[in-house]
């Protein structure tokens, strides 16, 4: 577990750009983070680890991928976060934060969600720990991600539609911050990635760092050494930093954050729209949702609407720590577009019997395009499973005529 | 008065309680918005907070969010905003209320200085930046000092101790006393937290303007009666613009409503002050 | 791993009632089962175990269920097969059989599926092991379980609609046997439960026995002892026998096979329909799909159509070994109806943050109704996750006005 | 002839190649089905296999499956089946083809004996039970011996060695030689596996009837020419019933078609036998 940057600054990135009303809560949270997470006070981290194991299903395996290895003539290993309870790495963080809220004596949880993955993870953790929970979700996302909305409701969470703006993740985060500002005394805001004001970026990273802690050990057990390259898709960046954290000090290990290139890296300033979510690759320094970081914005500083075939990568910002590591040259910010991601999705499904999340599929798109530059031993994080994406895959595969896909004809109307 | 006192803002609070209305510049369009702001001045505004809309207004409730959306859709940008300030025919001090990213991105050079320089040239008197806590405010504070502008900070019901000191050491012009937890929005009651908040900051020598939720002359009266040096009123005015626009009312009609609402609020504030003065003298 | 009844007879149950054309294949399979599975020839079982770990995500946890324990004032533990790759215990068997087929030099896999859980598990295993695979599925089930059909297609399997009879699991099994009879020389039939002719019941049990092997050890680690009761839902009975296998010799451990009571235990002889799938509780000895076992049949011996809200329990037969253990009094055959299962589904979702498969939910229905008779320490097998069941839950919950369910109103039209 | 020889079945193969047609009893209804079976007898059948439909016919292809569904929907049951046998006006031996569960469940007492007893009383000569391998056949074999009925077994292209011996030690009446892998169904070619299969079992002294896929007189000719003692034909006849029923043809029309198809097959078998006899004599 890394404990770096506990001051909340990653070079010029990070900080706490939030309304004053939230500052005391953030100070309280920072204090709790330092005591419980960093110092393991009251055995917090022990309990967290135990719950991750028994409730979450950790450790997840680091699997040798036979057919991909053959295809690329190198050793490809898969870190299987898709096997975590809930179907994505998101639970590591959600469980950590809900448990922390309990230790802090909070009585209520709020969270934002985009695709619904963080929302479902938080709803599961809240049910498990018996915490009332409300999830904010853009109205458009609610309509796009109905199964996830239903799962949250099944777990007993309220799902509050956000109708402002374009009704997606960006607006949901803003709205959750508003709820928090109103109910700050008894409420904890479970943010879904390594974004937001300090201590969130550091804390979420620490909760997710279990991914690389395990992967590093498991790979060593299997190969007796370190990988040459580690790949993870990056939206807000929580699975990315979780996958990188314990490799950052290993200079020989190249780290690749694979962003969503969407349909193009060009932006439409007029419309305020970026047809991608590649904030690490193409964003500019700015302040969004409480932190200074790389942001997709127009020249005035207005935040742009991002776009990706994968809802979970569809965010205009990125974690400040990743922004810093990219500037430092420690992490390579790369990206692949929608088509490459869809091909990656079908490839992993067919060759390895693992249907990945569309977010995850971006990492496999990059692997296909650049395997030769990645050295002998490669670890790819399978950040989530693709069950949530089946409808999208049908639609987007058909639209684009993806080469390696099975015929979608019989599923045209949806499933 | 705290260590920084750059502009004319504090003066507006000197003689009697100040009425500080807020409108989003350019809501619902440039021309109408000029009329509306001028109506507020006619109605008795002592200072006007002009919102420069940002796409992620995390401190605003739904009323002001909607105004921001209307203004952005009407084409408002930082440069248009400065034009707007220039085109306004009012003679009260103007405060720019916006989010830090717009200040930070402005101009060729990175950092807040170009924005502040341009604001000063446009005749603005200061800033309120709801997502900029005192800890991160250094560069903006410096630029304000350089160009002689005030930097208003918000004090929340939860702000205490060291944080309060730190804010108070950075504030200039007036302090924005947030009357309740949460985000902006008109409410039907006056928060009980107001008096407590005012008491907590009584010792600091800076005008105290209370905002968040004030809706009527009666609210204003009670808040000033409780010791506030001014009242900040946004959502109820923004609602007049929003509702009128939606109903298709004429600009003049809406402007008249704003002017009369402003008058009601200002009168309320004055009544509250009158109740207080003898008491204060009695002490 | 139990190795009992390797002769294929469980008292009068079991046997090999199949067309002569299949007998040589069954003899070949029996030989392979004995050598590879029972004797670990060529390290088969080692490879199987390693793949279950790295690909499947084993071991799955045995989790202490805090809120259920509190509710019932006893210690409730959950064996989390829902965390296995694919979302159900089914992969244990599918992976074992596809691997065995490889060891046997087979070049093609066929399988039947009802709800699609065994089909998706087999498709995943086949993709993982690079085996061409065709899945037979009743046409009605294809229409009811579209997401699972799509998942199989994504993994590269063909899905063959079965139009005979009523187009459900029973017909799919018959049809797969026909394919096997036609292509017996290069094809292995991966049967989905502990049913069919010997060696399938014993072999599938041995592949699934990893569940109880782990649960027994994990519970001992946590409590220093054995449970008083073990509960598992029973359709064909593979997860049941997997969960029981390593407890059968522990006389103090009561074993409960929870069947689907459906809407009623009465049968409609006229229509040939049993509104339940409780073959252990109410079935009569008969011969179905290659084995003598307990069967839902009319007085002539015609097999009845079974019914349950959970497609995966909806089968007129049951594994011969379970039939024997019930006759011996070692296993208690119990059942709960659709309503109790739906309530169990919502209860586990809300209290523990685990959305179970509707099959699994039956075990929790029984726990609710009979917790007081089950002793101090209870293990319940969570045989699968409920993502596949969301549409059904909406429909069936609404229809019945389930008390502890969240409002379904906003999902009325489906999700 | 093997150790068991209970009924008159083997006699049907004694003089010339036997034509053994199959129909599902009660397809599509009781009355019509009686006509169809009688038509087969008129067309030259030497033995008739009568299907007693079971709900899970795992050894049948789609043609016979459909016949089974029609018959079940028409109300066929084991008791109706025995009535049917009694009502039939034919004087060739009848074999009941069904699945083991129906045999096993019949009557009050568990086991196959009540079914066999009833079958004997109805005048049946024997059984073919496709899902009953020799290993599990003990009780049925015993009952057949007790009541003097034959028990026919199927030998598949894959049956060899010990299995073959075991089957041959249990069989009586005739052995059903499955001409190809798979399930029942008419095919457009004659399986090359037939000769090989016949050769494999040549040494056993029991009539060999070849089935699975025989469709025309030419097929029949070639198969008997290759050494078969009889031909078993099902799907092509069931298709005549199914297609005719679907088209709404009259029972008489369909019965005529069956009779003429039977004649074609019987003639083919006889031609095959004629080709073979001199050769056989020449050896």
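As written, the chain order gives the labels A, B, C and D, with residue 1 at the start of each chain.
What we mean here is this: a residue touches a chain if its C-beta (ideal position, glycine included) is under 8 Å from a C-beta of that chain, and two chains touch if they have at least 3 such contacts.
It should be emphasised that the depicted structure is a prediction, and the values quoted were computed from it without experimental measurement.
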item	value
Each chain counted as touching chain A and chain D at once	C
Geometric centre distance via CA averages, chain B-chain A, whole Å	37
Chain B and chain C: spacing of chain centres that average the CA atoms, whole Å	66
Chain centre separation in whole Å, for chain D relative to chain B (CA means)	97
Of all residues in chain B, the ones touching two or more other chains	none
Per-residue overlap in chain C, given as positions that touch at least 2 other chains	none
Chain contact graph, described as a line, ring, star, complete graph or other shape	line
All pairs of touching chains, each written as two labels joined by a dash	A-B, A-C, C-D
Contact set on chain A toward chain B in their complex	15-21, 23-25, 27, 164-165, 170, 174, 177-178, 181-185, 272, 284-290, 295, 297, 299-303
Partner chain C, residues of chain A touching it in the complex	53-55, 57, 60-64, 67, 80, 82-85, 87, 123-130, 146-147, 149-151, 153-156, 346, 349-355, 387, 390, 393-394, 406, 411, 415
Chain D residues touching chain C - in the complex, by the definition given at the top	54-62, 65-66, 69, 72, 77-78, 99-106, 110, 130-133, 135-136, 153-160, 163, 167, 178, 181-183
